[in-house]
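Read through the structures below before going on.
First subunit A sits with subunit B, and in the next complex the same chain sits with subunit C.
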Partner chain A sequence: MSLTKITDKAGLHRHLEAAIQLEHATIPPYLNALYSIRPGANTEAFHILRAVAVEEMLHLTLAANILNAVGGTPDLTVPGFVPLYPAYLPDGETDFQVDCQAFSRAAIETFLKIERPAEGATPGVDTIHKGRKRAHHNGHKRHGTAVRARHVPGHEEEHFYSIGEFYQAIEEGLERLHAEMGDALFSGDPARQIGPEYYYSAGGGLMAVTDLASAKAAIRLISEQGEGVTDNIFDYEGEIAHYYRFEQLLLGRYYQKGDARGRPTGREVAVDWDAVFPIKANARLSDFPEGSALRQGAEDFNRAYGDFLALLTRAFQGEPAMFVEAVGGMFQLKELYYQIMRQPLGDGTHAAPTYEISHG
Partner chain B sequence: MTTSGKDPVLTSFEAVAGQEFDVVIVGSGVSGAVIAKQLGARGCRVLVLEAGSGNDITVADYEESVQRFYGAQGKDNNSAYAKSRNAPMPRDYETRKLQPGQPNADGYLVQMGPLEIDSTYTRVLGGTTRHWEGKALRMLPDDFRMRSLFGQGRDWPLAYGDLDAHYRAAERELGVAGDVEDQQYGGLDFGPGYVLPMRKMPLSYLDRMIARDLDGMEVTLSGETFPLKVRSTPQARNGVPNPAYDEGRGYKPVGAVSTHQEDKGERCQGNTNCVPICPVQAKYDARRTLYAALETGNVQLLAWSVASRLEVDGVTGQVSQLEFKTYDDPDAPGHRVGHVRAKVFVLAANAVENARLMLASDLPGSSNLVGRNLMDHMYLLTWALMPRPAGALRGPICTAGIEDIRTGAYRRHHAAVRYSIHNDGWGWATGSPYSDLEHLVEHENRFGAPLRQGLIDRVSRQFLMDCMIEVLPDESNRVSVDPRWVDQMGNPRPVISFGATPYTLETAAFSRRLSRRIFQRLGAEDHTHYDPLAPGYVSHDGEGYVLRGGNHWAGTHIMGTSARDSVVDSTQRSWDHPNLYLAGAGSMASIGTANTTLTLAALCFRTADAILAGLGTHAPASTTTGARA
Partner chain C sequence: MADMLDGFLALSEALTGFTGQRLRGTGQAEAYLATATGIVGEGVMRDLLLAAAEARASSGGDTEKHEAELRRLVMSDDRLGPVARNIIRMWYVGSWYQLPKPWREAHGQSPRDHDHVVSPISYTEGLLWPAIGANPAGAKPAGYGMWAMPPRIAPG
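So, the complex of A and B:
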């Protein structure tokens, strides 16, 4: 899709729709890596990946809350919502693509790019900007179209170096529109909000968004739990940012308070890169013989995943209680992941879910 | 010491031996952890001694326990936890039917009878809350006035109302999920507008099935009629936070104990193996509180160290120092002996171990009541097959129970009782579902689809109702020590003498009759039977019953109003030794029909207040000494 600077409510909606799509786009790669870990092995890595995936669900839901608050309608069932992997992230980060692949160093390196800090705050770069980074408008030309366009294209495309900068643009848009429109900006039905009771994490929680302050709080939580738009390993709640969570796996050691970036000094993290189902990267249904049980299983998975997105959509469109059903459905998905990923394809790789979702 | 994002640093024998602290606490279970957290937060320098392993605080350590449970052949309530010959713990399978005059010394406990009690406890970091189920019921106001109201047992030196604020603190600390609306019975009062931190665990399909047929059924006891109702059970398990908690500020659940935020823990997802271990850390265990205590920077933890003797100044009665034994290998013989001094000592090692340590230190108390009045709930199990699949083995072990007859005038004649509906099938009584599989394969030669169908038919319809029966304090029920029986370290082992009185047995008989009525009403097929060769088998009025222990050891340092008739005062302070507190269920003067943990946690909040007051309102001068580097 193309995004242009937010100047009106429609533009804000487009950005928030992209935000939902963006948050979701990280989930299949994270879950494929998570469940490719052989059950019982790599428990620490498993937990780290899982904790991040759960927080992406939180971010997805917060983005939906913001969109609902400003009178939009979240819809996770529109064609093209789920990218075909490999895919560019929907915020226009153009220098890398995301693969759906097995737990591996390469996968974690991609995840680091997804969660990377704002430009200039990258580890290893000596000049550290203390403030939040601005978005780069017209910074790059886009290449690749893995995420299919679904919104009205604009003239001045925005591209962001990091997810944090993308959210910064949304926050600025919110502030600008709020200055023009006042509280009329938040015209959504509060009954559509998914409140803290629907999400459990010992870290930051889910919040209802009803005004500018709660919208900004939601954005802050998303940004800081991810890559940290500030330069800190630990965020304002003392929580370690996703970028550094992942980096621990490559560096083989946990960060602790007071550590410098790239130099964790905590306990060792044991990673067994071989205790993994060697799933095929970016698998497609066409990789599995037509009529085979495996093909059937992969189709079942896609249907179940589509159902999961449909339930979330219902939850975001006025039936918050469906959120619990959707999360419950992830237990079934987990079993389907394992069923598929246990199957060797005969070429040294194993099968994997394909995320080719069609909504009927 | 540890902080979030920091590795926990256990202190060492060398750093501790010969040192003086403000407070030394024996035991890292819920009692010790609550007191350590409260004192540490106020700047006291605290040392916690733990007999078990200290390598038990990270997610990786936790996973090891989960895997140990998965791999265990027998799934007893300590099967998830590392055994140690230097700090042994009781296992229920060590219990056997006693022959008159022949004690059972096979396990860690020496059982003298006449009733063999299959209760256990867990000597690991976090204590028995590691394997507890998590039920967090309050005791009833009547339970505190047993002698005045019913002419039975003893009164407490405090009233229910005196504990209300501490109950609230305990409900916050443990993270209790429950609906106050469901707890309106037997005089329970939570105060106006109070809600629990989290909403109730949803009732299971089985609960709802039973409620449909049972609600409104009436029971008459001593002329008093009680309508029965299936009610949700409050429990310390993470669920949906109640936004109305704390005057609308809500509640933030405490998740997994996790030194590097590698895992956050999850909401209860109904794995049905709360005992012995929740695979997703939804259940509270005392490591959460202990971790918060360590985070104050003022609390140090010395593991692999068994307290072995309290030394008392003969003139003042003050405890002068504590002797402990630190081992390097959990099983190999060999240890070092050290001593620590403190302004205040707290024994928080559970009712059996507290008494054992006092008696091993030749401190039976001026009342000679240390170790006596041993109580535990007696459980009568009743089980039946529902007419239709009822969804067994889903949900936490229990989500609802029948509470309406927890008190009444009938307590003049026989014991109080409450009933729990079990979501885990007949497991507790028969070893199901493993025993069902064995039965279908071995006795019915089933395999393939008929085997699967057989398991569905048999397991999914299982309904077990436990009858949790009150036991009164009785001086002849006791923990003692005997030089004939010592463990590998030379510490005396607990010797248990225990018997059931007619007061308890009458309620067992009543409950068995009631269970028959209930099963009939549900159209369920009664499968209850009691094996005369089983431990806990007793006869009453010509009928046999098997009584199982509840792991709710209590009463061994009973609370009262004077040194003549009790061991501790209402703050759990020893009458004989002014700088010694004996904390935990051992202080309880009655146990009513509530699992002991919530009440003992409340008592420990009270005790922490008393210790702080005794040490002076200002933080001790030594505040900074224990700070982390």
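So, the complex of A and C:
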């Protein structure tokens, strides 16, 4: 992937395609960790992870709404849309890779990096990351497969330290293009919007995007729910940002209003790091013997996951009613997660979905 | 008991018609083996698994022959047959049912041999649901509005 500063509509589309891919890229790691928790155990951690995963799906849908609003075409079935884990995030964060692994301290530490606040929001930590970031700007070769490769010669590649800053760049691009083009920027068919009538059971509402104000509101919701571009633990609606939700699991205590970052004073969070299926990290189909029932099960999962992405794509490409069915498909996938993760591989680890998706 | 698990799964595949992968996917294999063994005793369980292994071996991969041998060596055996039938019941509905009176009189009674649900999730993980193409009532919700569509059941 190469992203360069947004100067035209095509550049805006590329950023929003990357945004959709980015939101999705967080979902397999979150769901692997979520469903690796043994059913019935760790209910608090389970609900924290589940709420975040559901909100990532909300963000994905909002990003698709914005892309549709500016005349783009969301497509979750393009080759390489689902990264092979371990993977870099598609917004050009190059100082860490994301693993698909069992619920563990290491997994939560990775999730903290995914959801980290914007640079400058965390004094004391920043200098290290800034140094790393500069190193990457100085010609460091990126390995991410992520977004469809498009390089624009003569433009410096963009790398973002956080998802919040990535969305800030999108917002600035939207404003710049809107100043040039006016409302012609929002040339998309409003019938493609997935509105609140198709969504349920998640913090924050789904909104149709039809103009600059609604596009900015959607970006604000994504940024504040996730990582925040400010240093607030709670957003303007009183909801705790993903970063701090995860941090509670490592610190073993809930945040409450008025707490300083890193020092939650709420009640204890009970976490049993051992009540977990020890799923293999970043599993691949090749980890399962060819012709085995386990291999078949893993392939069935990948097919079902690919079908889910295809259904979402139909919903985003003009059949919004398919969205309800796509969300229903997630419940079916949950059963497949458990069926796979209960299988011991004989080396102390258990099987896990591999997300090697091909669309036939 | 861990050394009996593979044999138990092989027997269970033959008894239920589901793959070992699908059986393990219910998360109940260990619980069912432990329940049955705890009630009938390790001696009966080992004999059952040996008879099942013999049925497999003598059929040489021929499904029909395997079934016939299983009926001859296991299902029609006074001591092993009722236990095998109870194992089928556990896989399909998640409960252990008290063994028939003649079996208990002939082979010993266990205080644990009474009707009971094996684990909190054994009923919803029962094979009867994929077998009839439905989701367990009141469990495994399919999502808002999905009741308007045909049931979508995870592949068996």
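Note that in this section the second predicted complex is superposed on the first by the 326 of 360 C-alpha atoms of A that agree within 3 Å, B and C clash if a C-alpha of one lies under 4 Å from a C-alpha of the other, contacts with A are read in each partner's own complex, and residues count from 1 in each chain.
Please note the rule applied: contacts are C-beta pairs under 8 Å (C-beta built on N, C-alpha and C of every residue); 3 or more make two chains touch, one makes a residue touch a chain.
Nothing here was measured: the structure is a model prediction, and the numbers come from that model.
Looking at the shared chain after the overlay, A:107 reaches neither subunit B nor subunit C. Once the two complexes are overlaid on the shared chain, A:300 sits against subunit C while remaining clear of subunit B. After overlaying the two complexes on the shared chain, residue contacts for A:249 are found with neither subunit B nor subunit C. In the superposition on chain A, A:331 makes contact with both subunit B and subunit C. When the two structures are aligned on the shared chain, A:40 is found in touch with subunit B and with subunit C. Contacts of A:343 after superposition on the shared chain: subunit C is touched, whereas subunit B is not.
By the touch criterion defined above, A:196 lies against subunit B but remains apart from subunit C after alignment on the C-alpha atoms of chain A. Overlaid on A, the two complexes show subunit B and subunit C touching the same residues of subunit A, namely 40, 200-201, 331. On the subunit C side of its complex with subunit A, the touching residues are 19-22, 24-27, 120-121, 140-146, 149, 152-155. Residues 3-7, 58-60, 63, 67, 199, 238, 240-243, 250, 252-256, 259-267, 269 of subunit B are the ones that touch subunit A when the two sit in their complex. For subunit A in complex with subunit C, the residues that touch the partner chain are 39-40, 200-201, 292-294, 296-297, 300, 324-325, 327-332, 335-336, 338-340, 342-344.
Interface residues of subunit A facing subunit B in the complex, by the touch rule stated above, are 40, 43-44, 47-48, 50-51, 54, 195-198, 200-203, 205, 234, 238-240, 245, 248, 254-257, 266-267, 269, 331.
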